[in-house]
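Below: the structure, in structure tokens.
Each chain carries a letter (A, B, C and D) given by its place in the written order, and its residues are counted from 1.
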Amino acid sequence: MAARVQSEPFDPALVTAGLGDGAGALVTFVGIVRDDGDLSALEIEHYPGMTEAALADYGQGAAARFGLTGWRVVHRYGRMAVGEQIMMVATAARHRRAAFDAADYLMDWLKSRAPFWKREIRRDGSAAWVAARDEDEASLARWQAGRPLGPP
Amino acid sequence: MAARVQSEPFDPALVTAGLGDGAGALVTFVGIVRDDGDLSALEIEHYPGMTEAALADYGQGAAARFGLTGWRVVHRYGRMAVGEQIMMVATAARHRRAAFDAADYLMDWLKSRAPFWKREIRRDGSAAWVAARDEDEASLARWQAGRPLGPP
Amino acid sequence: MAIEVLYFAWVRERVGLPRERIETGAATIRDLLAELALRSPGHAAALEDHAALRCAIDQKLTGLDAPLAGVREVAIFPPMTGG
Amino acid sequence: MAIEVLYFAWVRERVGLPRERIETGAATIRDLLAELALRSPGHAAALEDHAALRCAIDQKLTGLDAPLAGVREVAIFPPMTGG
């Protein structure tokens, strides 16, 4: 299964195992809980059922649009400490442009259209939901020039 | 040492070890000998001495331009069979845009400005030097708008 | 008709429930939000600002004006922050 | 002056040597190429089409019109195909 949603950590080497077969280019993106000074952890909530379907849908969309030879998405939910891996996208293609663009495109979809919500837990114990950023919407909109993409 | 030139295979997990520390985004690109039907192997020649300096130079340039928290480049030389890994770029940054752009930028530099030359060995034993492609020059030129970059 | 309504993130926290089953004759999600907002002060606080809400019908993202006829599951949530 | 000249890829193959030490008074790489081309038919075949050549002086990429004064090492090669 090319898309996985799980609470456990993942090993990027296992996620990409075999993915380069027949390809010339393999791009990976790993998102990490960033140390911004007083962050202790992230908590990620998701929409069981819809999440898996959405990741598979976006991955298949990227594969078709960019002619990928393969792709994988793993996204965690639950609590993750600073420094832990949150999620990963891997795209394989014959040429580097397709692999880079597909990974970039998938990240834009995941940021703004996959049903995950992040909550930041500070070292003092306070917590706050992360607000969506206009620049993530703008980044996603880059791909929509010329033809409509996916849900409204 | 963030740039390495070697004939031996490399393990992407070892190349990126520790690279995500303090980052929010880690992008990797791995180039693989692509099966194009009758290719048997690639032979890569390089310019010892200059190669190491050029990779370090381009990596440091990318780190400065995109504000990377870290980067690694490994490039092999010698003979590689179809399916083998040729080279790898890894870029780490606080945000995904910088990590993606820096990896893309470094690949453009390596394709056209690092002193490597590829020769394709066909299954029938014939061999031919790979010609540089105009589209690789065009891809590199994308980054030059606004300010001159590196050597002429 | 009976619809399962799911809430996520701060919408869930303000409503005070992760999900509830309701009977409604609402034609669209926007109409449904107006109905739900009358259920409690928590519902009102969660659902009053439509611009801050996103929704899915039967696990597919959609707009607030999507029709509800034949729908089994509606989810209401803030803009997503994955990745 | 004495300069070490290095050749790579098909330039090396056509010249028939990976490197050679030469005495030259050439002012630029372009002048040096013209001198080297007289050394053998292989040199001529390798070096006649300047548009197909790239070069480095003391291991830094440069243009064919770069001056040679004080230079120790010049490398002549086809466009690079790394990555």
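Here, contacts are C-beta pairs under 8 Å (C-beta built on N, C-alpha and C of every residue); 3 or more make two chains touch, one makes a residue touch a chain.
What you are looking at is a predicted structure, and each value in this text was computed from that prediction instead of being measured.
Minimum number of contact steps separating chain A from chain D: 2.
Farthest chain from chain D, judged by C-alpha centroids: C. Look at where the CA atoms of chain A average out and do the same for chain C: the two points lie 25 Å apart.
One simple way to say how far apart two chains are is to compare their mean CA positions; for chain B and chain C this gives 48 Å.
Multi-chain contact residues of chain C (touching two or more other chains) are listed as 83. In chain A, 31, 96, 107 are the positions where the chain touches two or more neighbouring chains simultaneously. Listed by chain label, the pairs that touch are A-B, A-C, B-D.
Contacts from chain A toward chain C in the complex involve residues 31, 44-45, 47, 49-50, 53-54, 75, 86-87, 107, 110-119, 129-132, 150-152.
Taken in their complex, chain B has these residues touching chain A: 12-13, 16, 20-35, 83, 85, 94, 96-97, 99-100, 103-104, 107, 139. Chain D meets chain B in the complex at residues 6, 8-10, 12, 56, 59-63, 75, 77-83.
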